[in-house]
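Shared between the two complexes below is subunit A, which has subunit B as its partner in the first and subunit C in the second.
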Partner chain A sequence: MLVRREFIGISRNPSLVINPLMFLLIAVTIFAITLKPILGDMGRAAGGLIWVLVLLSSLTSLDSLFRKDYDNGTLEQLLLGEVNPFFLVLMKCFTHWCSSGLVMVIVAPVIAMSLGLSQDLYGSLVLCLLVGTPAISLIGLVGAALTVALGRGGALLSLLILPIMFPVVIFGGGSIDSLVMSGEFGGGLIWLFATSMFALGVAPIATLFALRLSIEI
Partner chain B sequence: MRAKTWFHQWGSPRWFFEKAKPVSTVLGVLSLVFLSLGIIWGLAFAPEDYQQGNSFRIMYVHVPSALLCQSLYLFMGIAGFIGLVWRMKLTDVAISAAIPLGMMLTAVALITGSLWGRPTWGTWWEWDGRTVSTLVLFFLYFGIYALRQAIKDSSTKANATAIIAMVGTLNIPIIKYSVDWWHTLHQPATFTITEKPAMPSEMWLPLLVMVIGFYCFAGHNVISRMRIEILRRESRSAWVKSIATSGEKARYVF
Partner chain C sequence: MSLGNTALRDENITVETKNLQCFRDERCLFAPISEEVRVGASLEVKGRNGSGKTTLLRALIGLHRQTRGSFSISTSFLYQGHKLGLDESMTPVENLVWFQALNGRKANQSSAFRNIDFLGLSEKADTPCQFLSTGQKKKVSIARWLDSDKKLWLLDEPFTSLDSESSNVLVSIFDQHLVNGGSIVYSNHIDAVYTPSSEVRLEPVELEGIVEC
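Right, the complex of A and B next:
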């Protein structure tokens, strides 16, 4: 029921999906133009770049994640309502992931192509992004919940969340790099999975605390 | 029953303010003793390094500050956890006292590391595993600092800080591991100071003294700041007012 509400919300306001996606495409274009000399070479730089771009684009949609529900009081009602709030947080995370992470996984091969990653690696890249992007949504949710009541979340949200995202980008970018160099993930994928699982264990609880704090109950 | 009373005492800022004074003094004296002993021993009497000459002596500041900035973040994480679970006011006072010191020590560790790197590695900045972890730690500190600046209400501020400090603390081992993993992936051709043959005891004993001195100083600094912060927060309560009007201000605070 709640999941349906979220998806209806997204379908009525497609900018939630389109804006981060356009941000991603514009950023890719900028990188492709400015870094032209070092791209190529089977795209050693591509893996890291893609991860950084996916991370930054996800951030652009995080700020508005709870904002509207907070402003019109829905968030308070939802947290006080009969639905288990823990489930509510997981659901929010799932819909955020669908509208940002999943979309980026889908367009990843296009980005990889424009940044010069070799074609054999597209499958591995998609797998890697599938495993790692949930961690971005989960950790981002904590920051979004903490800053929702502050009004001017934007820059603060990034300051809070980006240092915590380091492992995701390092394992993600590193495993693509390792793939390009040696054809193997080099342990990166497993650690990326572990990071996502760890985030799944910690982030929803922290988000719930932070939301309760933001609506002051 | 006694344990319970003991536990509840920690919820009272006044109790802490009074009991912490001698602790703070003792730690302050100890830190003076250890730091001056360690500095003189390390800078003047420890033998020269056969590879690095005298430049290695910056280690006596670099290593303790690098250790301490991590310990302080861990301290904030634990304080945050206690504050969230048992709703103690004191833990937020502790966190607010630890942030400036921790941030400054992280900066000291980075700067001294950079100064040390120049003569030994031939570069001011090397993207080495430890360097990156310490830099990320600095960013984590700054995130908390920025969050605290942004929130006005003090109880919201306390809880928000506690949450992010806990999440950050849980993340530190992962960050460390990921950076190490990334480091092995790239195999840079630098020699690392840490994997050198073990130091002779004339070198590491002064280091140990310095580390102890730094920890004592941190204890003294954090507790003193906590006491001052308590006075500020409780400035409307009767006991603080009585201190302020008793004419013995200096004796109570310092």
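Right, the complex of A and C next:
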């Protein structure tokens, strides 16, 4: 029931899914229109570009992650409830990933096509995003929890978490680059996986602390 | 479940405070409070706006940490702040079922509906809460208290935004809860509709700013 509520919330507010997705598609289109005529094909730039765009569009939905629950008082009830709040944080993260990361993984081939990535790399790109996007949701969760009590914390949220997201973009972009160059992932994918696992270990605990701080103000 | 920084001696006491004071930005909010609430008793926390009623309730459940003195809660509790904790996009029944799940109980739609019906909101049971008025939302939250199995209710301003008829219903709900062996601590700043077993008034302290937390 607790997980179901999150999905009910998303299904009754489809903008939570549609906004980041539209942002991503529009941003990709802008790059395709402006850079492709000059460069011909994006070649090695595509990998880094895809990751930067995925990261930025995830940001657009992060601010609202705890905002509604904080404003209507659900968040304090969550922390007072008898269900382990650690589980609740993981659940929040999972639903955020489903509504942003997973959706972007699904549209990844479209992005790759508009940026002129070679067709036989689509599968690898999807795998790469599948491994890396959970890290974005997990790290973003900490930032969202820290800024939820600050009213409109959107800008601060970006400043807080973008620097921490560097490894995701570096390893993600790097692994797509080595795909383009040599057809193999190299070490990038493993490091990306390691980043996600590290985030999975640390972020939920940090989020829990941050939420308590925000509630106790 | 127990909260607080001392153990209780008497099983019949659900909430006990000894010289409890709350601080905000190192400013002391009210003079020391020493009260105890027994099973079947209610305590009204009085005081003007800004006197620390909400902070006191939040301190008791561990959501406000800047305190001095001791306090303890010996039983499972239900807390209702100014924010009702209702999801606007969900219906009253869905909200109540969600609270059941949050408290580790099995989803029981009929019990949720029965309590919403008891508050006279059966027609709105399947309307998303965003279409309900402030008073109606308050009634949904009262239905949640009825639906829960908690013995101790900690309520912040339970009588605000209720009309006189609903206030009387709430008074009878309070009486029933106390008869059933529950206890209630609530804050109030409007004229008495309900006569509590005891009341405490939060008074500002005269000497400010020289105490340490």
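One rule holds for everything that comes next: the second predicted complex is superposed on the first by the 210 of 217 C-alpha atoms of A that agree within 3 Å, B and C clash if a C-alpha of one lies under 4 Å from a C-alpha of the other, contacts with A are read in each partner's own complex, and residues count from 1 in each chain.
The rule is short, and it goes like this: a residue touches a chain if its C-beta (ideal position, glycine included) is under 8 Å from a C-beta of that chain, and two chains touch if they have at least 3 such contacts.
This is a predicted model, so every value here is computed, not measured.
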Subunit B or subunit C, by number of subunit A residues touched: B
Partner chain in contact with A:206 - subunit B first, subunit C second, else both or neither: first
Contacts of A:216 with subunit B and subunit C, given as first, second, both or neither: both
Touched partner set for A:123, first subunit B, second subunit C, both or neither: neither
Partner chain(s) touched by A:9 [first = subunit B, second = subunit C, both, neither]: second
First, second, both or neither for A:80, with subunit B first and subunit C second: second
Partner chain in contact with A:160 - subunit B first, subunit C second, else both or neither: first
Contacts on subunit A seen with subunit B and repeated with subunit C across the two complexes: 216
Residue ranges of subunit A touching subunit C (in the complex, touch as defined): 1-2, 5, 8-9, 12-13, 68, 71-74, 76-83, 215-216
List of subunit B residues in touch with subunit A within their complex: 84, 136, 139-140, 142-143, 146-147, 150-151, 156, 159-160, 163-164, 166-168, 170-171, 174-175, 177-179, 181-182, 185
Of subunit C, residues touching subunit A in the complex: 61, 63-65, 79, 81-90, 94, 97-104, 107, 128
Interface residues, subunit A side, partner subunit B - complex: 139, 142, 146-147, 149-150, 152, 156, 159-164, 166-167, 170-171, 174, 177-178, 186-188, 191, 195, 198, 202-203, 206, 209-210, 213, 216
